[in-house]
């Protein structure tokens, strides 16, 4: 094992070590687990940075730990490949994780399950790192599920709350539905390619018939839908906000949910051979972006609003990768990770200050009380709204530009529309929380969070402010794109956001959309020059639709969950107990009834015995004569 | 000869029917002695005088007397209602009728004497059937004979055990 | 040492019986001594069996540690033992599970301790014998007698409708076994008719030529015997009852070892003896397997009793194993065998936990629990690992087996595999839902307030299993490398017969579509 | 008309069947025994007739043994009847129905 | 004329005597017992006669083994001593030996023993042996009657117990009725063939020219009717289905040791003679007897099992189960051939041990309760008497045909023989039957081990309430036991030691013998199979 391999394996090792230590010996570590855990992750982050530069100035490389499964012709190794795509992800994941860890020390300070929390969190980081570094589909699948599991335990971290444990379970199961497709996709790859290694699969995929490629791509995408909470499997993500807020920031905004985008970027070869599958990705992305934004506009729970926003932004990313603009998708992924992480953490900070209050109707005017939080929040909000020069502007604009460029005007329009709605709902949130009159409970002592929480916020805010410049237009020549595009160069319909249209015109449209969104929010919530209630009444149906999240949960409950339960009860009560068991018991019953009849032959009367005997003789003789 | 055969047949069958139909067991016992006599007649017809004598001695003399003794001993002569109810009778007659038909139907071919053995009437009469039977009993059938003797002994023990209070 | 190795199988098989004999002479009142002695002896047995693992040559499919003595000349039956990669692990599983279940019953079994430990050890002998026999008659002898100790264990220490369950268990499996006996005898006679020799040597019986129609009839007969044991869908009805009412140790042994006999029987007997019939009937069996998977899972969802839930989940899991076996590719069969081990470990562990619930609260109704994680964190953590192993979470054992089964079956039986794969969703549904209702949420029932966490002994009971869950999940190669040669050989036999089967198929015009 | 063995066998069969009928319809133990004796005697008749017609002796010897057995059985019957009567006060076999099912 | 020179040849007679030595020894000892009864006082005598009986059986064994290599046809074709006999004699003597062992305790407890009992047992054993070695219809009839008369007496042996007398009466009437059929069948066979010796009949039929007699009378019909009626007579003793009616009642009413003798010894003898007759006469294609037997076997085992299913009286249950077992045994006979007959023989000897073992335990418990043999009274017994309970379970499992026991090996042997002869369906039905049968055997085990053992009080009430004469006749020794049981109330008053005290070592020895042999026959049956196979070889030389 050379030093490169060692570094590569040390990156996941530290979080794993942390997970085991806090998990098994948490009692003894108690308070140290937070600091030590953060240090472990920071070490991983440093190592990731080292690897980043090694790859940036060298080559991608593969490193194998041991042979995992070797069942006749099915062979899978535990091995990693580090290339440009993965190092970006690595640095991003470990970086944000470090900040979230540090933040969590403050946020979770008084929680009983402090060590347990860090154990879970470290485990998650480990799984996420491995997911990114895996060099074959099975390993990817393994850690795909593993992050899902971590998400499950973290969402249900406060398991005493029924809603939390429900949400965790829901997340896991919905993810499993996606994974079901993913698993089938992996199997389909294996049975057709005979291998699961990325390099072999990607180099040989074009030999398969197109319909198979499309099937594989769609099945993989099913996994992505589940993990990245795209329509129609998006229902778990809003509920996942039951978990601790740093978890939401890390898992449900920055890292895990973007794994779907990562997957498609990783499998861009497969998708590039299947235009129809790519189209499906695009459409799903568009739908999700739109409906999530639509729902977010009327919600009152600040975390949920941000969660829907995450959905919506993920929709953007999928639109990007759907049209083959992988670089743009990844760029948005990273910048989104930063500002959305920031938004969640600030929301957490608000909660922290408000003793866990989440309803924005009970807030207002907090700006004066928690300045650091408010400013960082607004930075995040601006980034989300795509206001230059914040990072969101550059990344979102790259996507919109490539949509326009590709000729998908319909989706471009949706994109712009969503940009407007995004700006509206996030500033609706900001105005309601930080400005305007206060609806805060008088007894509540609102306070700014401790430094251990605000420092990560500030760091993130800085990044959110300046990160975009590495992907500045003209896109192809920016640092980020020239770095990443080397990995995507061999994909078929590679469509970097080329500027054969003046980019600043398009950007202007987006900026206008963003600003008008902010203005609308301002009009509604600060100036109050429009009567909200009247609007609500006029568009009652639309409002109800948005408010009730398009009734999707209800539809699922009605169309899937309940029929399944009823069917299960039917199977148990009717098929199992009545038919099958009944048949068995029925036979026993029949035998016993027959037995009680047969016994009567032996009635104790000698006469009838003689008679029986005689009848026997007659029967035997009769057989001879009748024969 | 033929006439005797028919006479004996009629007596035997009639007395047999009486045995099973009269109410009083004592009467039954008397009828069965009559039947035994008829059978003894058959044996004489069949040139087996020794057996005929045995029939009278053993059956009519010993067995029937034992039965009569039993009836007297138990004071059973008064026992009434010997035949079971009508259904039983009908069922029994049907069953036995079937049995009878099944056996009898195929004893139909008119046969004639087709001897396979050496003990013709002439020889038997020459040696005397008692002597021949005696010789057989103590030579070829000596073992069954011994067994039969033990059997009788056992029967005696049995009767003793049962009858003992 | 060489003598020891030469007769190691016999030693392993009969050591528990010997232990039981020793225990017969221990005073009935000395319950502690009985328990400790039995547990230690079963541990020794496990260590003995680990010699098999150590000295097992992993690169051959040939039977190893073969012992052969003439037994009943009249039937050509011999005392013929030998193991290959599959039986090796079944034996190890048996010795381990017996040890674990003895260790688990310190508290659960309160009366008639002596009878209990003796029965357990006797049962172990017969289970081991079944796995190691290469003689059909010997196999059947071990196979059927196994029912009896199990029957006593369910009937004497069970709960609720224990007698009903015990009797149902015995009669049901007995009926299946007897029909199977018919099949085995017929093959034995056919072999005699063909060669003029009576023999029960399995390896010789493999060469029997059975006419196709008869083969199908016999296969169905033998199928019934094994399918009841597995159990495959319509023959499963004994299982929930038996599992539910049995004492913990009984459930552990039932789930951990006894269910494996069905699959093992197919692997060792039914399929190699009648490959053509097996191939012809494969679609039907696969349908049943898939129904088992989904049916078991769906019914599990709505169970109210913990044990019954786990029992039905067994039906589902065993469906996977059947699917893998009858897909008959090297990978899927590898997966099946591995999954047999996995299922033994995971479901065994689940039953252990359910037993601990029962010991603490004397109820198994899910509704009676809730919020236990707060009171018993170690319990919750270990239980969760077991649950996840059963769910098939990657990194734990269940995943490897299930995935191998699915990936192996995928190509040939795509539709079946897709349906089967959906089983992994349901597994998550019913197990996690159960876990949530038991461990999470708030404590609603006051009785749960003083719910005790696991004791040291209890942790020791499940620890080997938990360790194995991780070990197999992370490094299954130790197992697969030993299983694989055997499985490849098995598949080659079938492949060889596929040719014959195709010829027959062409001739008969079967499955023209 | 010549009398041959068939005629004797027919008579024997008739007596045999009458005996069987007696066992079937009577409930007095003594009468039943008498019916049984009839059946035995029917066999005797058959043996003697067949012996005579085939010029054999073994049938005749058989008859002697049957007589011995009949005598023995009579003795046993006597004992049983007495014991039975002692317990039930009757020899009606219908009263013997303690053992059933 | 007679060949007197041959008859008076001393050597011939001596050889003839040799052929019946085992029986002769038994009969001599039976006489000795009777004589001993004359010259000694009552109470001692029962002990003496008990030992005399055991010694007699042992001597008989010795003679048997001394003669075991010989094949002697004695007394002009009345009797034969061959390897087939050796096997069945062994089985019968074992059955008798076990019966004697069981008897002592049983009758001691009831205090009703008179010395003739053991002599009757010896007589009946010798009668069974004679029956097996008979090769002549006269001898068959005589031995059957000899055996039956002994059995009638033994059945009605429990004086003052109406059940016993009733059983004897029923057995007597039915037995005589069946014998009449047997006799009439013999007449018809005699009429058809002109022979009474099995060997002669066999020759006659195998000449294929018996149609020569056709113009005399319808030989074929005579033969078939005769054979059917003969079959009825034998089937009665084997207790095949429509001729089974005596079995449950007389088993139930008889003293339990006698029941054991009837269930084992008589059954062996009946099957022995049936095999002899069947292999010599029936396997000619005069008529498809296999079809009849086929149906009889199915009816017998099905009836036996179904009737036993809801039975609560243990003795009756075993009686019905023995009917079912007869069905299985018949399967071996139907399968026929070398393999089938050796299977049958093996099954028979296995059957002796498991049935005798079961009865020995029944006697043990019966002595204890002095009441009924109702299954209800067995609840919880498995815990109170672990060893006895375990042994009983083992015998029941053997009867059910669970492996490791002789019952399994026997069934396996018989069934494989039947499959070999192509009776697939028959075997399947038999297998399903044994699955049904398992239920009622298991039911007893359930009662012993799995039901609450708190209904002890009820049990004792039962024993007090019944106006059973036995209860009144218990001797002082057993009164202790009785009061002990009463004082115990609902608790576990009776311990294993009490059971042992109330049981003579003889009973325990019987159980142990049965246990060992059941196990050996189940695990290492080879010597017994060889024994059975060797004995079959002599069968074709009748």
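Labels for the chains are A, B, C, D and E, by order of writing; each one numbers its residues from 1.
Note that in this section a residue touches a chain if its C-beta (ideal position, glycine included) is under 8 Å from a C-beta of that chain, and two chains touch if they have at least 3 such contacts.
Given the structure is predicted, the values throughout are model-derived calculations rather than measurements.
A.B. asks: What chains do chain B and chain C have as common neighbours?
C.D. replies: A, E
A.B. asks: State the chain with the largest centre-to-centre distance from chain B, centres being mean CA positions.
C.D. replies: It is A.
A.B. asks: By number of C-beta pairs in contact, which chain pair leads?
C.D. replies: Highest contact count belongs to chains B-D.
A.B. asks: What is the distance, in whole Å, between the centres of chain A and chain C, each centre taken as the mean of its C-alpha atoms?
C.D. replies: 37
A.B. asks: How far is the middle of chain D from the middle of chain E, if each middle is the mean of its Cα atoms, in Å?
C.D. replies: Whole-Å distance between the two chain centres: 26.
A.B. asks: Report the inter-centroid distance (CA atoms only) between chain B and chain E in whole Å.
C.D. replies: 31
A.B. asks: Which whole number of Å gives the spacing of the CA centres of chain A and chain D?
C.D. replies: 97
A.B. asks: Touching at least two other chains at once: which residues of chain E meet that condition?
C.D. replies: 138, 142, 145, 149, 152-153, 156, 159, 168-170, 173, 177, 194, 216-217, 225, 248-249, 311, 439
A.B. asks: For chain C, which residues are shared contacts with two or more other chains?
C.D. replies: 171
A.B. asks: Could you say which residues in chain B touch two or more other chains, in rising order?
C.D. replies: 84, 88, 91-92, 95-96, 99, 102-103, 106-109, 111-114, 116-117, 136, 140-141, 144, 148, 151, 154-155, 158, 160-162
A.B. asks: Write out all the pairs of touching chains, ordered by chain label.
C.D. replies: A-B, A-C, A-D, A-E, B-D, B-E, C-E, D-E
A.B. asks: Show which residues of chain E lie in contact with chain C when the two form their complex.
C.D. replies: 342, 383, 386, 397, 402-404, 408, 412-413, 415-416, 419-420, 424, 427-428, 431-432, 434-435, 438-439, 442-443, 445-446, 449-451, 524-526, 529-530, 533
A.B. asks: Residue numbers of chain E touching chain B in their complex, please.
C.D. replies: Touching chain B from chain E are residues 2, 4, 7, 16, 20, 27, 34, 74-76, 78-79, 114, 116, 119-120, 123, 130, 136, 138-139, 142-143, 145-146, 149-150, 152-153, 156-157, 159, 168, 194, 213, 215-218, 221-222, 225.
A.B. asks: Under the stated contact criterion, what part of chain D meets chain B in this complex?
C.D. replies: It is residues 1-11, 13-22, 24-28, 30-31, 33-35, 37-38, 41, 44-45, 48-49, 51-58, 60-61, 63-65, 67-83, 85-86, 90-92, 94 of chain D that touch chain B.
A.B. asks: Show me the residue ranges of chain E that touch chain A in the complex, using the header's touch definition.
C.D. replies: 169-170, 173-174, 177-178, 181, 224-225, 228-229, 231-232, 236, 241-243, 245-246, 248-249, 287, 291-292, 303, 306-307, 309-311, 436, 439
A.B. asks: So in the complex, the part of chain B that touches chain A is made up of which residues?
C.D. replies: Spelled out, the residues of chain B in touch with chain A are 84, 88, 91-92, 95-96, 98-99, 102-103, 105-106.
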